[in-house]
Amino acid sequence: MRIAFALLGALLVLFVAVPLLWITLSAPPALLWQTLLDEEVQDAILLTFAASLAATVLAFVTGVPLAYLLARTDFPGKHLVEGIMDVPVVVPHTAAGIALLMMFGRRALLGRALGTLGLRFVSAVPGIVIAMLFVSLSFLVSAAREGFEAVDPRLERIARTLGASPWTAFWRVAFPLAWRNILSGMILMWARGLSEFGAVVILTYHPMVAPVLLYERFESFGLDYARPVATLIILICLATFVALRLVSRRER
Amino acid sequence: MRIAFALLGALLVLFVAVPLLWITLSAPPALLWQTLLDEEVQDAILLTFAASLAATVLAFVTGVPLAYLLARTDFPGKHLVEGIMDVPVVVPHTAAGIALLMMFGRRALLGRALGTLGLRFVSAVPGIVIAMLFVSLSFLVSAAREGFEAVDPRLERIARTLGASPWTAFWRVAFPLAWRNILSGMILMWARGLSEFGAVVILTYHPMVAPVLLYERFESFGLDYARPVATLIILICLATFVALRLVSRRER
Amino acid sequence: MRRALGSRLEIRGLSVDLGEFHLRGIDLSIASGEYFVILGPTGGGKTVLLETIAGLHRPRAGRILLDGEDITAAPPERRGMGFVYQDYALFPHLSVRENIAFGLRLRGLSRPAVAERLAEVGDLLAIGHLFHRPPSSLSGGEQQRVALARALVVEPRLLLLDEPLSALDPETRERLQRELGRLRRELGLTVVHVTHDFEEAVALGDRLAVMHAGRVVQVGPPEEVFRRPATEFVARFVGVRNIFEGRLRPGDDGYQVLPLGAVEVAVVTELSGRAHISVRPEEIIISREPLRSSARNAFRGRVVEVSERGALAYITVRVPPEFTGVVTRRSLEELALREGEEVWIAFKASAVHVF
Amino acid sequence: MRRALGSRLEIRGLSVDLGEFHLRGIDLSIASGEYFVILGPTGGGKTVLLETIAGLHRPRAGRILLDGEDITAAPPERRGMGFVYQDYALFPHLSVRENIAFGLRLRGLSRPAVAERLAEVGDLLAIGHLFHRPPSSLSGGEQQRVALARALVVEPRLLLLDEPLSALDPETRERLQRELGRLRRELGLTVVHVTHDFEEAVALGDRLAVMHAGRVVQVGPPEEVFRRPATEFVARFVGVRNIFEGRLRPGDDGYQVLPLGAVEVAVVTELSGRAHISVRPEEIIISREPLRSSARNAFRGRVVEVSERGALAYITVRVPPEFTGVVTRRSLEELALREGEEVWIAFKASAVHVF
């Protein structure tokens, strides 16, 4: 039985691994180097990283407390909140982009209000950030929630009897014990943010993040022009992902 | 502390819920009905559902065995396989599209070989299926793996001592007990497939899936034309998602 | 460590609802320095009661008084109670030293003061050599000592122990049980100790309360609970074996008698009508010949079962009814008791508990 | 149910490596119809041994023979062994009836045949009324009965029990223990029963093997292991209390003596030089006056501790050294033993185990 299972499973593994290997191995290194020196490519990659990081930070500040509440308490409407946190995975990316545009666009209520404060979303970096935040927040919330659920609530109770306030018990006990899960949720969320195209392209075509740049080159100049950019982006994403995974695994 | 946490968490919940509510509530029902009667829209939605279903079936056949092996056995390279199964979440969607195009394109090795068998991927339904499969298979594999990990291996051992072969022990014990997780993984994967835009648009612009159609209307005719389509797609996705969740929750 | 006496605890009409657990109208009054054991079957809400005393659950009704002060609404961090769980609940991300110092650090003690207290508690519980280790590397007994140290080092007014011995192997359990007795004497602690093990309760408790289905059904010294269980539940739970039911009627010499099967059992009681009686196995004397003794009840029967349990053997004799007595292995050999043999049993009328 | 005798099991030089568990050179030979108990501390690899016998792990070396046939390489489904885990491991997605019928269905029995066997095993274990229930709704004792029924209904050649009683409360444990004895007699089963509880081992086992650190350190009838532990580990594990070490030298009357503290203990042994001795607490007679008896060892001492454990009390007497004896509560009262009192202790030279 194990052999049959291994054969079937191998099909799936190869389906993922071979295209990625092929695209990275078939690119001439000189061409990759030249692409890396392209300033437009550099800007797009840096912008992608920075915007996704900003989205992750926003989700950390709001999502970790939410995850803690979902793990520890029962409240009316809890199932609804859980459902809402899963919805961004389900909503088609372009439709999510349109929905955000209707809230944060120049003609929209919230967009206009924030615009008077100097915060522009359409064709601007904040638009990229909220698009990434929307499509990737589920990852952090569910990972953090799992982390908190794995912490025995009696550890916090013991901390309370030893003189800790609820805050202290959270920071000294629950948070450090759930940190590994939270960190890997943040990594996954950040990586998912990097990869977003559909929602970002609706809100903000320019300045271009890497997936948009790639799409533009493919549309305007064809596959041969897009290939080195795609290879470079895949390599950078994989390298960062592997590095972060190793770091987070070494932690404790 | 709970109040502060609830306030922070509420920000995140509102950020997801309000745009979705706004887009669905602000659309006049008559316009939605008219959009639903648009044949192009109907075809795109049906195509999206069918292609994502096909991708989910492919992932079920190969991913469930793989998940079982990952949950139950140790083998050299296991960490590598786990990593590979997480990669599709990280690779930017457009780059994934390019990588698949280089394997399955008309000029590519595998694409040409399969083309002689009559299987075309570029600008064809199979291209949509593999694009969806690539970006969403991680969901099913990780959910199924969690499901199998939650099944006490001693239940299978007991089944063996009672006379069950490994196959019988799998089908009578492990699979039914992990079924809830597998089912919810399939739902999530299917929903994620529906939502894909970046990878699909590179491989197959025509025939158009719903997210591509939405993008085209937005690009060609502007926000006002795209809005009813977006609303309709979001409503259909949400309704299906909620219905499937309810069904899978009622199971046992 | 403080050597003053621990606090006095009063619980008045306490009711708690927590998921499937319901406590109803609990009244307890625990004296300063007392070792009080709460005894009851597993899953009967004993842990919930302890956690409510510690302030971790809000009661639905009732009051909790510590040294006369109403603390029903006080948060746990203000109550100054030490808590030890059955499976230790050590902080897995902290070393043993940091675990024990956790409460001291929160009190803002200076470094030297913390070090001094750590050394003191390390000596008290003989765990000084474990300080640098992570909790996961300790044995069950060591972990439980560390959990005790962590609770004691902050000098609690009340020590709450939630089945502290039941996850340990028998040898360690016995050693830690002796240690608890010693700590309590040396530190003058007030202790509330929850357990499902009657022997543990007898060995440690000054008094004990038996809980059943969320209520306290009997409170008293172990001897009294042991000899005069208030209900059939208590009797069965504390291991009384010979329980019978029948209708009392007056006998001669001022005794009452209870007809059972082929015989009549003489008892001393004020009760009348239907009643339960019980006889503890060790009150039953088993012999090969009729005994000339003051025992009012003496019956002939046949051994139907011999069940050896370590150093003791339980002998079931069918009179009928069936009585179970206990003898040492030595007596078992001397009397050559075997299934099917005819024997005499005897017990005093005053040894029969009527309820 | 089959009433023929169970199979004979031989294990030769078995070594298993499984994660942190290592079994080394296990040799056991279990007769047809024997109730064999494997005794050892929790987490010592006893479960791994049982699972290897059932074919669930591949041994690194050694052979397993069932009725003389080498089954070392046979898959579990061909071995015909019933297995019962400590926490029952019932299939949670199947009803009690379907759980028990699981093995029968796999054998392709006809519907009426399945129904007949179910009815039979339902009667045998008195669980017929539970058949329609889901396992999660059963008590621990009921679940364990169902697990037993599931294993027995396929008429196994060997019944493997992995701590089947230790997750149960004391009363249920005792009842199921009696039931296991009965089933074994009625069905003529060969049983291999793993436990960490010595009393359980004594009550059930025809013979027992003591395991320590992945090896079998002693095999024999319970009485023998109890009276003559092969190593200090066995002695401590089976609860022997009075263990001393010293150097033997010849005494008078053919006895040897071992000097200990203020006294010399007379023993009967062929050993010489440094040795351990042990005396079981129930072999020590405690009295207020010097006893005139045949006991070769009689010392005066002072009671330093009285520890009550249910129906018994352990009395520690400092001679020195400290000896611990056990008396019933009744003797405790009659002798009015209290800490600080002066008493005499006595035990026979032949009651001293030397090893």
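In order of appearance the chains are A, B, C and D, and numbering begins at 1 in each one.
Here is the rule we go by: contacts are C-beta pairs under 8 Å (C-beta built on N, C-alpha and C of every residue); 3 or more make two chains touch, one makes a residue touch a chain.
Only a predicted model underlies this, so the values are computations on that prediction, with no experimental measurement involved.
Enquirer: Kindly list the shared contact partners of chain B and chain D, in label order.
Expert: Touching chain B as well as chain D, we find no chain at all.
Enquirer: Could you state the distance in Å from the CA-based centre of chain A to that of chain C?
Expert: That gives a centre separation of 55 Å.
Enquirer: Round to the nearest whole Å and give the separation of the Cα centres of chain C and chain D.
Expert: Whole-Å distance between the two chain centres: 26.
Enquirer: Which residues belonging to chain C are in contact with no fewer than two other chains?
Expert: Answer for chain C, listing residues that touch two or more other chains: there are none.
Enquirer: Which residue numbers or ranges of chain B touch two or more of the other chains?
Expert: If we look for residues of chain B contacting two or more partner chains, we find 165.
Enquirer: Quick one: do these chains touch in a line, a ring, a star, all-to-all (complete), or other?
Expert: ring
Enquirer: Can you name every chain pair that touches?
Expert: A-B, A-C, B-D, C-D
Enquirer: Could you list, by residue number, the parts of chain C that touch chain D in their complex?
Expert: Chain C residues touching chain D: 41-42, 169-171, 178, 196, 198-199, 202-203, 236, 239, 280-283, 307-312, 326, 328-330.
Enquirer: Contact residues on chain B for chain A in the complex?
Expert: Its residues touching chain A are 1-2, 4-6, 8-9, 11-13, 15-20, 22-23, 26, 59, 61-63, 65-66, 68-69, 73, 81, 83-96, 98-103, 105, 130, 133-134, 137, 139, 141, 165-167, 170, 188, 191-192, 194-198, 201-202, 210-212, 214-215, 218, 223, 226-227, 230, 233-234, 237-238, 241-242, 245.
Enquirer: Flag every residue of chain D that touches chain B in the complex, lowest number first.
Expert: Its residues touching chain B are 51, 54-56, 75-77, 79, 81-83, 85, 89, 91-93, 102-103, 106-107, 150-151, 154, 160.
Enquirer: Which residues of chain A touch chain C in their complex?
Expert: My answer: residues 152, 154-155, 157-165, 168, 172-173, 176-177, 252.
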